[in-house]
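In the two complexes below, chain A is the common chain; its partner is chain B in one and chain C in the other.
Take a look at the complex of A and B:
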């Protein structure tokens, strides 16, 4: 088993052990979307146009709730120190972390999305486009979150700081994602989806290195 | 004590991954004129230290004099503000933090670490390592349920899995250990030195090792 696979398997185990945290993310997603009809009223005429934007905003906000914990436990317990001394390059470690975080955090959200779309009277013919865009969008968001989590690791009030750091950077993904989710002509692969894919590709190339640089010199618990 | 110098040069290709700054012989650790900064404050300047195979050095000094910072710097986890550090043997680092994820068992942590480093990770090897620190009895419990001393013992069991030429960087290795485990640790260190390894340890508590250790006292820079 390669070092990367070892880390991946370890993260899946850790993710499963900490599934309560991820359930909180899913719960947050469901609650935000449940609040919308309560605030706007149950009228389809009001809900339908805002269904896609609200699903995107809910996905962004609830993803954010899970990011603060991506590295904190590994840094505190000293595992990152051991990884840094091992043959596993830190960028690969970051990719393993991001991949498991996406699988455990975003996939349940994607599975719940059709139900939420129905509740908001979304045009169901847009559902495949929405889901595809959300797959790319949540992956991009996870990579941004990994950067934010690594940069704010050990900072006081890291959670709030990270929201301020990550959300502005997530704007391109949100804009292209929301546009790609409601294609005018019914085609799924739109220019907006391609631009969203481009955002993801850029993040895939740079995020692991930025996060690894931020993690390369960190203090562990009372390590001084 | 330091006669086996050339023996270790460019050795252990199997553990290349653990080698930092592989290169010029003689094998060992050379710290030359290193300055340490901690929390924006200079805690040491012009620190020098040389070690070769089979040697043990104890770091002493008051709190905040930079002992842990020096160990982290040698491990490559902090930059040296000045000076050079060369080390051509594998490095095993056990800092304040044990490097064990609380949600996993001691055995999983140990096996993952061994696999990550390409070291022996079968049940026999892990059991033997755990036995050295008498940690097998609680190795299958999640680490979060272990006491401080028990975690320390699982973390120290890692040392026996590493290559024999390794430099061990130990930060307060015997804090929280009971008497029997302290003796087990002393044995571990003695065996490692006999096998041609090196140990650099920061500790306030005495280590009952039979090898005569050198002591490096870090003065407080007021």
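Take a look at the complex of A and C:
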């Protein structure tokens, strides 16, 4: 078994053991969307046009909510130091973290999306496009969240500070994602979806290295 | 050159020598620019007197964007070469740049209300400028977000570097999208498209406000270096008392 697989298995087990934390993310997602009709009013004519944008905003905010402490336990118990000594490069460790976080945090949210779309009177013909765009979008958000979590590791006001850093970076994903989720001509693979895919590809290439650079600092200074 | 400046005491000496000339030049240029801009230049045939807002708006916008490039460069120098002054410069520049980004948005709103009939429109240029302000605020928050101040340096440098991606979006937003904000008039292919009567005060203000930015940054860098020196002196004193 390669070191990467070991890391992946470990994180999946830990994630499963701490699944209560991830349930909080799902609950946050559901509650944000429940608040919308309370604020806007239960009228389907108002809710239908904002269903897709609100689902995106809720997905963004609840993805962030699960991130604040993704690395802190590993830094505190010395796991990051061990990874730095091991043959597993830190960027790969970051990818393993992001992948497991996406599987445990985002997939339940994706499964709950059709239900929420129904409750917000969304046009069901857009559902496949929305789900596909959300798969790419949540993956991109996960990578951004990993950057934010690594940068703010050990900082004082973790959650709020991270939101301030990550949300400006998340805007391209939000713009293309929301556009790709409600295609005008009914097709699923739109130019916006491809641009969202491009955002994800760029993030996949750079995010692990940025996060690793931030983490290696935390690790060297806490070890000193 | 960079090694030469790495000594804070040497940097302070050079900065001290530059400081007062820069203050004088900035005051003279901004004074002349304001005189021509506010009193001795024609109103625009379409915009009327509101065109004078441009003499503050455009330099502020240039400084906000160029300042972010400088911030990103500081981040790069700090991460790659661990240049000790890069961190000081980054911390000094971030609030100054944020102030100019804010000034850009506010003066733009003052101009937008009479001209477009709205304080704010969700146009690509305006929105990307707002995001630039958020990046500045993020860098400031991150640099000061740790209990040991020096631990914030590297995360802030990384974020400054990542945020540079937004700068070309700000600059070229008017070309890539069909924005309500007018396209570039100075740095454009085909030459400057402003009449000389308005170009002179604009260039004076551009030069003057860039000097002003340099003055603020030097002042803030000196303050940060003095503060660090004070802290280390206090620590040394406390250690001495303990013995």
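The definition used in the following text is that the second predicted complex is superposed on the first by the 218 of 224 C-alpha atoms of A that agree within 3 Å, B and C clash if a C-alpha of one lies under 4 Å from a C-alpha of the other, contacts with A are read in each partner's own complex, and residues count from 1 in each chain.
Quick note on the criterion: a contact is a pair of C-beta atoms (placed from the backbone, for glycine too) under 8 Å apart; a residue touches a chain by one contact, two chains touch by 3 or more.
Everything numeric here is computed off the predicted structure, so don't read it as measured data.
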So, after the overlay on chain A, do chain B and chain C clash or fit? They fit
Max touched-residue count on chain A (chain B vs chain C) belongs to chain B
Margin query: If we overlay the two complexes on their shared chain A, which of chain B and chain C does A:49 touch? Say first, second, both or neither.
Written below: neither
Per the contact definition in the header, classify A:147: touching chain B only (first), chain C only (second), both, or neither. second
Once aligned on A, the angle formed at the Cα centre of chain A by those of chain B and chain C, in degrees rounded to the nearest 10, is 90
Distance floor for C-alpha atoms, chain B against chain C, superposed on A, in Å, equals 5
After superposition on chain A, the chain A residues reached by both chain B and chain C are 217-218, 221
Touching chain C in the complex, chain A uses residues 147, 151-152, 154-157, 161, 164-165, 167-169, 171, 210, 213-214, 217-218, 221
Interface with chain B, chain A side, in the complex: residues 1, 3, 6-7, 9-10, 13-14, 17-18, 73-74, 76-79, 81-88, 216-218, 220-224
Chain B contacts chain A in the complex at 17-18, 38-39, 64, 68-69, 72, 75-79, 91-93, 95-104, 108, 112-113, 115-118, 142, 171
Chain A partner, complex, touching residues on chain C are 79, 131, 134-135, 137-138, 141-142, 145-147, 151-152, 154-155, 158-159, 162-163, 166
